[in-house]
Each structure stands twice: as C-alpha cells, then as structure tokens.
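Got a structure for you, written out below as structure tokens; questions coming shortly.
Here the chain labels run A, B, C, D, E and F in written order, and each chain numbers its own residues starting at 1.
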Amino acid sequence: MYTPDERRPEGRANNEMRPVKLTRDVMKNAHGSCLSEFGDTRVMCTATIEESLPAWRRASRKGWVTAEYAMLPASTSSRTKREYKGRKGRSMEIERLIGRSLRAVCDLDHLGEFTITVDCDVIQADGGTRTASITGAWVALHDALMSFVEQGKIKRLPLMGQVAAISAGIVGGVPLLDLDYPEDSHADVDLNLVGTADGGIVEIQGTGERSTLSRAQLNDLLDMAEPAIARLCALQDEVTGFSA
Amino acid sequence: MYTPDERRPEGRANNEMRPVKLTRDVMKNAHGSCLSEFGDTRVMCTATIEESLPAWRRASRKGWVTAEYAMLPASTSSRTKREYKGRKGRSMEIERLIGRSLRAVCDLDHLGEFTITVDCDVIQADGGTRTASITGAWVALHDALMSFVEQGKIKRLPLMGQVAAISAGIVGGVPLLDLDYPEDSHADVDLNLVGTADGGIVEIQGTGERSTLSRAQLNDLLDMAEPAIARLCALQDEVTGFSA
Amino acid sequence: MYTPDERRPEGRANNEMRPVKLTRDVMKNAHGSCLSEFGDTRVMCTATIEESLPAWRRASRKGWVTAEYAMLPASTSSRTKREYKGRKGRSMEIERLIGRSLRAVCDLDHLGEFTITVDCDVIQADGGTRTASITGAWVALHDALMSFVEQGKIKRLPLMGQVAAISAGIVGGVPLLDLDYPEDSHADVDLNLVGTADGGIVEIQGTGERSTLSRAQLNDLLDMAEPAIARLCALQDEVTGFSA
Amino acid sequence: MYTPDERRPEGRANNEMRPVKLTRDVMKNAHGSCLSEFGDTRVMCTATIEESLPAWRRASRKGWVTAEYAMLPASTSSRTKREYKGRKGRSMEIERLIGRSLRAVCDLDHLGEFTITVDCDVIQADGGTRTASITGAWVALHDALMSFVEQGKIKRLPLMGQVAAISAGIVGGVPLLDLDYPEDSHADVDLNLVGTADGGIVEIQGTGERSTLSRAQLNDLLDMAEPAIARLCALQDEVTGFSA
Amino acid sequence: MYTPDERRPEGRANNEMRPVKLTRDVMKNAHGSCLSEFGDTRVMCTATIEESLPAWRRASRKGWVTAEYAMLPASTSSRTKREYKGRKGRSMEIERLIGRSLRAVCDLDHLGEFTITVDCDVIQADGGTRTASITGAWVALHDALMSFVEQGKIKRLPLMGQVAAISAGIVGGVPLLDLDYPEDSHADVDLNLVGTADGGIVEIQGTGERSTLSRAQLNDLLDMAEPAIARLCALQDEVTGFSA
Amino acid sequence: MYTPDERRPEGRANNEMRPVKLTRDVMKNAHGSCLSEFGDTRVMCTATIEESLPAWRRASRKGWVTAEYAMLPASTSSRTKREYKGRKGRSMEIERLIGRSLRAVCDLDHLGEFTITVDCDVIQADGGTRTASITGAWVALHDALMSFVEQGKIKRLPLMGQVAAISAGIVGGVPLLDLDYPEDSHADVDLNLVGTADGGIVEIQGTGERSTLSRAQLNDLLDMAEPAIARLCALQDEVTGFSA
C-alpha cells in the first residue's frame, strides 16, 4: 500500500499546487500559444483560427471552438502508442472536456464565422495533463482571439470570463491537491474541477478508483480545489492582462 | 427559453423518478440479461462470460469486467448512424463509465480467470440512457455471476455491493430529478450520479451546459439524487434477492 | 451425424413454419417499425425517412430505399463482436439482400426525393434472421410510407406489392421448412427464397453446405417455400390492411 | 428499353457461351495459376499455399481454402476505386462465393495443415467476372495442389471433383446464356449457377433485377446453364487432365 | 555473401538492361494502356481521364495527374497481402514518385480541367517494378492524352517531353544496371534514376542498404543509368511516335 | 517568380547552414532525447528502448531500430491535421528514411534483443524537418544506447559511426544550402543528403520540383552538402563525446 510520507515530494503542503508556469507566444505559426507547466507536466497549447465553419454548424452562422488532445509517445514513463489505428476513449474524453470548458466562457454568438481549434499536445506527463491543458488552452484561445480583434476581424473580445482546472484526490486516506503521477496512480478517489474566475463550477468529475467517496470527502476536495482555481485564474490574468 | 410547466409531463414531481422497470431473463443466449426501462428509455443489458482473459491482463490471473454501449439507429428521434467508420467520443465515454461503475462493486480478485462483457444496447432513447444502462447492467452482471456460482465455476458471488445511477439537472432554474429527453436538451446544468446501496459515490459528473453551477446548486442536485440511488438499489434487490 | 427425430422440436411438421408474429408500432421514434418473430428469432425492423437523397442519386431526383442489418452481440449463443474494425461479409451480404428485396416492390419513380433506411437489428438469433428481417422490413417500410401519405408528403402509397422470405433446407436427407439454428447448423443444403404475394420469385439463393443439390431437391424445397411465402404475405396483409 | 437484336453480338446463339480460354502457368511465383477468359472478361486466378493454418482453424488441424476477389481499377468502363477505405459488399460477396465453391469439391480432411489462398484479380470486366473466376480458380487450385503432391508434401490430390460456373439471364423477355456486360446491365432477371462435373448444384443465386422470376423461367435458365457447366468442366479437364 | 558469377543470369553485361517491351493498347476500357516488361517484371499501366478536378485543385482550374501503385498478391515470391487494413509506406512512396515523375513532363497549365489517374498494377515482380512503372506509365499517359486530343477535348498534346526510369546498384562490389530481384536483394547500394529524353534528372534516389556509397561510386552508377534512360526514351518514342 | 535577394534572410551565405543547436536530455522519461534546432525548425527527438523484438524479427534474435515522424498540428503555417484517418505518404516516407539512416550506423548484430523507437516530433516547421530529425535522432539514439551500456544491459556501444543530414536546393537558379521554408517552397530542385562522419553517402534524394537537374548541378549541390554533414557530425560529437 502507498503511504505518502509526512511531507509530499519537494515539501509541498497537502493543499498546495505544484509550481505553475504559463509561457505565452512560444510558437511562431499559431494564432495563440501557451506552454502550460504544472510541475513536470508540460503541455503545449496552441489556438488556430480558421475562417470558416464546420459543415454541421454552417446554417447557424455562429462560431465554434473545439479542442484536440494528444500525448507525445515519449511523454509518459513507458512509451505511449500514437492513435493511428483508432482513437483511445481516454483521449476523446479529455478533448471533449477541454472543448466544453472553453465554450463555457466563449461568446459563440459574437465570435463570427470562425472555427478555433485548440491543440493540447502533452510534451511531458506527470499527472494533471487535463487540468494543465485547460488552464493553458484558455490563454492560447485568449491570445488567438485578441490577434483577430487587433486585426479588426472580430469587433470585441468574445470571452465572457476565464476558465481553469485543477485536480484533487484522496491518497492513503489523505486529501491532496494537484496530484502528480505517482500520487495519482495510488489515489483512492480522484476529482477534476473546472471552474471560472468568479467561482462557478463548469465541470466536476469525481471517480472512486479504489473506494467510494462520501459527501463529506467530496466537500473536502472541493474546498481545496476552489481556491486553486482562483489562483490559476489570477495567474492567467497576470500573463494576459484580461481583467485589466 | 424553455419553461417547464408547473407540473412535469405525466404529473411528475420535481424530485420524482420516472416509472422504472427492471425485467430479468429476457434473452435466451446471454448468461445474464435485464431490460432496463426508465420511462420511455429502454436499454437491453446483457452479460456474457468468456472463460479467458484479455491479453494485457493474463499475467495477473485476475478476472475482468468491461462494458460496451451502443444505440439502435432508430432509438433516437433523428436516426443515429452506426459507428462503423470510427467510434464516437460520447459512446466510448459512456462505456468506460459503465465499466468503471461495475468494477467498483465487483471483487475482481475472486472472480477467477473470466472476462465479463456487459452490453448495453439502447432500444429507445428518451434521456438518461447511461443511468438506465448502469442500473440494468448490475442486474445482468449479478445474474451472469450467479449462473456461474450455480454451475460451480465460481465459489461465491464476487460482488461487494450494488451500483445504480440517476441523473438530475437544473432546467429553467429549477432542480429536477431523472430528466427525460426534452428536459435534458434544455438543461442549464446536468449531473449524473453513480452510487452504491450504502450511500457511497462511485462517480459524479456534473457539467454546466448553459451556465455554471454553484456549490449550493450542486448540493441541491446531490440531495435529490442520493435517495433515488437508494430506491433503485432497493428495486435491484427486489428482482435479484441480492441482500437476502 | 445429425438425425432429426421423427418429429421436429415442438412437434412441427417438416413443411411447417415456426409461429410467426409481426408486431407493429413498437418504436416511438421511427416512421415505421415492426418486431418480427419467427419462433425464437426476433428482429427489430424500423424504417426511417430522410427528406433528401444520397449524393450519387441526386441527379435522378428519384427516391431510394436501403437497408442495414446488425446483430446485438448477445443475440447469438456465443457473443458476436460489433463490426467496428471492419464490416463482415455476411452482414453486408444480408443487408444488400434486404435492400434489393424491398426495392423490388417499391415504386421508386413515385417515391419522391426521400431516402428510406430500413434497419434490421437482430435481438435474438435462432436461424432465419434474414428471412424474418425481410418479412418484417416490408411492414416497417409500409408503415413509414403510409405515415408520409397521411401527412400529404407522398401522394399515394408507392408500393407495387408485398415481399416476404422463408428458408428451407435438407437436413439428414429430409427437406425441412424454416430451419431453426440447430437445424441450420446441420443442413446439407440451405435455400432462401424471397417472393411476392402474387407468387413471383424476387431472389433465390441456394447453397450446398455439405453436399450438392440436385434439380429434384431444388424443386422439393421450392414446393415447400412457395406456399410459406403466401402465408407470410397474408399475415403482413392482416396487420397492415395493405390489400384492403 | 433494351431490345437485343435478332442475333447477339458476334452472332452468338441465345444458349451459347462466349469463347472460353483457360491458360495455365501464367505466373512465375504462384503455386498454381490460370488466366480465365470468357469473351473479353479476363481474370487472373492464382493459388498460393501457405504451410500453416489460420488461428481459428488451428485446433482442427484440417486444411483451409479461401479466396480473394478484386478488380484492377481500369478493368471497368468507368474507373473503379481501390477498396482501401473499406471493402465493398459486392467484392466480399463474390470472394465468399468463390471460397465456398472451391471448398465444396476440396477434401479438407486430407489437405494437411495448409492454407490455400486463391486470388481472382479481374484484369478486364465484361460481364460474368464471378463465373470466370470460379471456373479458372479451380484450375489454379488443382495445379497448386498437384505441385504439392509432386513434392510429396500431400499424399494424393485432395480434390473430390471439379467446379465451374456460368451466368444466365432474361433480357427483353428472352433467356440468354453467359451475359456480357451490356446484356447484364439490361437484364430483367439474373442467375448464377455453380455446379460440379457430375451435375450437382453447388450454389444457385437468382435475382429479379427489374421484374420477378417465375418457376417456369427459373427452369428455362437452369436448362441452359446445366449443359454449359458440363462444357466448362470438360475444358478444365482438357487443360489439367484431372479425370485421366 | 552473394557473389554474382562472372556473367549475370542470361549472359547480361554489367551495364546491360534486361529485354524491355512496351505493349500499347492492352486494355479495352482505359483511355491509354501499356504493359511494361523489364525481363520478368510485368506492370500493367493504365491511364484514365476524369472530366473534373479534385476538390483541393478546383479553384486553380488546372489539370492534375496522379498515380496509384499496387502489386497483385501473387506477383511476389511469397504472397503479398492486399493493403485493405492500411497502406504500406513502400507503396505510397512509389506512387508518389510515379506521380511526380509524370507531372515533371506534363504541362498542367494546358491540360484543361481533367484529372488523369495512372494505375500501375504489378502483375509479376522481379526487381525494378518502380522503374518499369514509370517507363510504361508515360506511354499510357501519352495515349490517354492523345485520345482526348483526337476527340478535340484538348487542343494540343500537353506533354513537354518524355520521362523514363532505370535502377542500378552495387552488388558484391560490382556496379550493375537494372537489377533483377535476386541481385536487388543482395545489393550493397541501390539507385533509382528518373530522367528525361534530353538528359535531365527528374528524380535521383540512392540508398546504402548494406554499406555507404562514395561520390565515385555514385558517378559510376549515374554513368551507367543515363544512357539507359536514353535507350528507354527511344523505345517509348518508337511505340508512340511522340517525337515524330 | 521568386528572386532571393542578394543576401539570404539574416545575411546567410549561400553555402551556410542556419544556426544549429542540439540540446540533450530534454525529456524526463525517454532513454535518450535531443531537441534538434535548425534555425526556426525545432524537432523533439526521443529514443525509447523496449526489451523485446517485433514479432517478424523474433526468430533472428537481433535488435531493431525504427523511427516515427509526426508534426504538431500548429507546427506549420496553416494547421496540419493529425493522421487519425490514414497516414500520409509524406510522413511514412520520412519515417522510413530516418529508420534506414539510423540502422546504417547501428550494429544490429550486437544490439541485443531490444527494439529502439526513435520518435521525431516536429514542434515547429521552417524547412528541413527531415534533416533536423535525422541529425537529432542520432544523438537521442546514442544516449539511449549509452544508458543501457551504463546499466550493463548492452556490453559495448553498438554504434559503428555517426549519421547526419542536410538539404540543399536550387532557388532562382542559385544553389543554396539548408533551405528554410520560404526558400524550399520556391526551389526548382531539392536535394536531401544523409551521410556519415567519414564522408560516406547513406541516402541521396534529389527531386526536380519545377525543372530537371543536370549532372553539373547535382555535383554543385553535393559539394555544398558534404562539408555541412561533416560540420553536423562534429557538433554531434561535441555534445555526446562519441569519438573521444
């Protein structure tokens, strides 16, 4: 059985996130890009705007935001196969989650007839790749939209707010924030929370991996995760100046 | 905007489930089967035991339970295409959820070298197909395992408990239990809860479809869903005599 | 070697069909539906009308009728895999046969620019799934067309007649009508006949599985199958009132 | 409407086959090969023996014969696409038919643990590609088996007889033998007969393309087709010396 | 180690090609066809003209020439699988090479809104299938274009020159021209040269299979290959009368 | 027409490479990794060792080295689609080239029963992605092998030499070394050279994109490319200490 030492690796407190870095403008070609790092987890988030709509959306004349998620084969401790012979359920689940999260804060009615694809490519995986993806994806999306605002192709920034995400879990009976890979692989219960800067929940996904979860435990985990969302949104704000 | 009338269709109260029927033994060939009906939603759940393990699991010599989910093309109001040219993310997400839910109450260490596939085929869809699937899948799984216990192939029933599922959502500002399709398509917030007979949460998935969800709203929805899980488990118990 | 007892299971005579039931209107969403039962074989037949034509047919401005055939995994005695990684030749052969059979009695020139897809989903398989499919598919097609006639979208019923199907075979030297699965798996020779109410042959497919077939045997089988087609058409007529 | 002139192209009588040529040993690498020509229809038939069994057949330790059928893209009057993105039902139907036909005369119990694949590649298509395939495939199979007999790998030729095939149809009301492509595209009724040298029927497939078929017409077509099978078997015999 | 005898098979000199035959008009349906034989290597080259453009090229209103390459399963000494479950890199590489080679001499600006597909189907493989393909493909393309010129659909032949190809390699230290399969499988170094009638290089591809290649060796191989290209172009000219 | 200015971008001479950086140890999980940068082109090269052999190679008991190549969707100026619905010929061609290049200098007989996969993931594309891939891949392969030597799993480094690659081309009539993307898209002729530290040619691929190439031009390009290979090998040596 896994017993976390009295202190977590690198002396983190139980309700402490790993060091988070959001580095903008790391790609020459994308309309917006952000390297999102949560500890050793590194996700390259890029947003590309295409000046057309997918066929099924054309009649509505409203914009669309979608996401793709993939891992470099060598991002994981044992090499991950590329999904050439059929997509994996896990990847499709994560990219659907990223897409829904971004659309929750994007004003599609005022986006114009554009399709934005946000690619989240995991360069290195050490737990929390979906939360690092969502948090960085918002920055890439913001920057892509802003570049179109600056070119006059969109009138005003069609973003109604910020969205960020964090994980929490119960490991050896102890609630912990922002699990790294070794913690995550021993978690009894695993929660991902996607939230907005004003405290709303966009998405909550909790799974009992090794045991079930009580209402009390659910509340403990949410109590840890909510302030983390706020801190992540503050960091997004700092790098983009969104609320200014 | 969608405004539910003062009363829900067929006079249901806001915290009232649709009529639920679990009919066992509806298939001649499967080891266990259950037609699960939540109102007009009808899912054929069947459990088949194969006396071998998937390749990746062979070394462990431990049993495995997995699930597949599909919809008949004519189950939905506009015809749904068969997934011959690539699986849909939604289907894979749901079948992964069903599988995790069943494994949460199945004692894989004492299952023996068997693989159980639980097929959930939606005959008719009117909202809540994943919750009807999970609730019926447990009955089919129970019956398949019991048939192997009776044949002496498994020593004792390797089930640690029951698992059932229900949806809830906020529609036009009002929290409602067990959404049917018209309600679901207008929901602001959508929650699926998978739980055990003793009140544990196996899986919680909440999504803000049209707005975000507050902690208070989350609690309202859970307060509705938890007693429903208990009622569904009681019904499972009634048809299978599991707790007897 | 397989020797059928003096009497067939359930006391059927050699030239007797199993009990056949055609139950209409079993699906809420399809334009027409029919649960077709030949003994323990149960096929859900549904017809859905789409108000457009496939690309290759658009220039002709004439309607189209097509069919899909699939088996629930648990419909068979050992579980059948879903055809996600490539269609099976057998399924494609059967759905092409169903489509041709329906088109033989449908007046495509007066159907209008509609595409009708008839789905035949085998719920339980006990021999004769293709003949149960065709026989029930005609009912579902009739009802779907009639609903469009009633809505004024089609002027008059574009059906030139009825089509039904039955199997026959030689088992242990003895000609038998409407083989069930155990009989079918021991047949020396297997024949499927698709015919119209006025005695025309739409499709004849005979295969020597374990020995060849003489002209005399072929005639014996056809002599059994032809009156059965007539009885099936009478039953279709009874449930739909087509000839009235 | 299509009215065949008083005489068929090149002065053929109604019950006359096109000139048929079976040329053996046309390929350097295959164990057996035969270029089968029925008029302008040319099919390259090759048989390759692999000294192992398919996985599903291994336990039986009995040999297996299977077939593949494909058309060169330029074999048809408008270019046919290669089946890289999914097999066509028609091709799978034909290759299943060829395989069944060959297995009907092959003594799989005495074949040894070998898998024989007979490839039928249509070089040029002018009607009757499936009948030319079966007729030539038997020769290629015979020669491949004989080469193994000569090498002492198989004790005696595991062939119980010969199999050949011919088409017939009703065009403009007139029964015709061995339809070429223009005749085939205007046929009301189309029949393929696969038979043995001793007059047995291996497979009969008749389809009403534009009208239904009466018992009398079926008999007319069979009366034309049966002697043609005998003539084709005689030709096979001539080139292989099988009956000698 | 492979030591070529003092003389190559059939007494070929080291810088001598195998007998080459280009036979035109071997297919009834294609717009142009050429059976290209380099010794025992036989490739059926056919060119089909479609009176439309691929979607991505439509805006340009300029013609397009593309190629497909495939091997009959029995063309090789051990049977080659058809590429139904995914294309092989080797085939795609070769068909891209053929396409580029043909486009290098085709005046796409004056071709008109036509798409020409040149199919190279290897009937028998004995080394040099890609060079036989390119050499024969040009003849098929020429004839297809000429047929459209004759019909007045294209004003003048949109061909700027001829293109042909030959292989060379170093086997056991000795430079050899036009390797057959046994030579090719023992080559240290393998070179394919695609060139025009006026001595230009269209494509050069050299690979050290078992050792590296020096500049001197590269020059030796090119010195052998260049006159061979000239001879092949002379042969193309002879059969088509292109330069006349 | 494209006329390169008197000086190339950033003042490069015609025979001058872009600044090249090879940064080792950039990935936590791979056995060897190297970020390879040629100007703005950035490729993440990682080598992973699996302690088993591919099925087809098992009997030989000799090691294997293979490569995979992919581009991040946002690496290119207009977004590149992921290859989920079928591989692109170009990618397969490049990964086959990388694999052959590495195997040319790797002593597979003394590698042991290991499979090494070298992944080349293009983070940013600005021309020369295949040459940057090969040059960086060698470093990643070296480091992976060295880690196994250090762990005693391999006795001595099974590398017979170094391999690197560079492009050259003729743009507006002028021979240029190491084309960036704008130069590459206007090149008349394009050459890729893969070579060893001791001056051997591993692979040469030259294509006339807009015109043909003369022998003299080929020699000019090789004269530029050969010293560049030497410089790249010196750089590899510097970062790995291979020759020390």
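Please note the rule applied: a contact is a pair of C-beta atoms (placed from the backbone, for glycine too) under 8 Å apart; a residue touches a chain by one contact, two chains touch by 3 or more.
Keep in mind it's a predicted model, so treat the numbers as computed, not measured.
Engineer: Please find the path from subunit C to subunit D through touching chains that uses the fewest steps, and give that number.
Structural biologist: Minimal hop count between subunit C and subunit D: 1.
Engineer: Going by the touch criterion stated earlier, list every chain that contacts subunit A and also contacts subunit F.
Structural biologist: The common neighbours do not exist; no chain touches both.
Engineer: Considering only mean CA positions as chain centres, point out the chain farthest from subunit E.
Structural biologist: Comparing chain centres, B lies farthest from subunit E.
Engineer: When subunit D touches subunit E, do the two copies use mostly the same residue numbers, with over half shared, or different ones?
Structural biologist: Answer same: the two copies use largely identical residue numbers here.
Engineer: Could you tell me which chain lies farthest from subunit F when each chain's centre is the average position of its Cα atoms?
Structural biologist: So the farthest one, by centre of C-alpha atoms, is C.
Engineer: Can you work out the whole-Å distance between the CA centroids of subunit A and subunit C?
Structural biologist: Going by mean C-alpha positions, subunit A sits 51 Å from subunit C.
Engineer: At what distance in angstrom does the C-alpha mean of subunit B lie from that of subunit A?
Structural biologist: That gives a centre separation of 28 Å.
Engineer: Quick check: how many Å separate the C-alpha centres of subunit B and subunit E?
Structural biologist: Each chain reduced to its C-alpha mean, subunit B and subunit E end up 59 Å apart.
Engineer: Could you pull out the residues of subunit F that touch at least 2 other chains?
Structural biologist: 86-87
Engineer: For the complex, give me every residue of subunit A touching subunit F.
Structural biologist: On the subunit A side, the touching residues are 27-30, 33, 40, 44, 46, 48, 50, 68, 70, 72-77, 79, 82-84, 87, 117, 119, 121, 123-126.
Engineer: Per the contact definition, I'd like the list of subunit E residues that touch subunit F in the complex.
Structural biologist: Answer in residue numbers: 86-87, 89-90, 92-93, 95-96, 100, 104, 195-196, 199-208, 211-215, 218, 222, 226.
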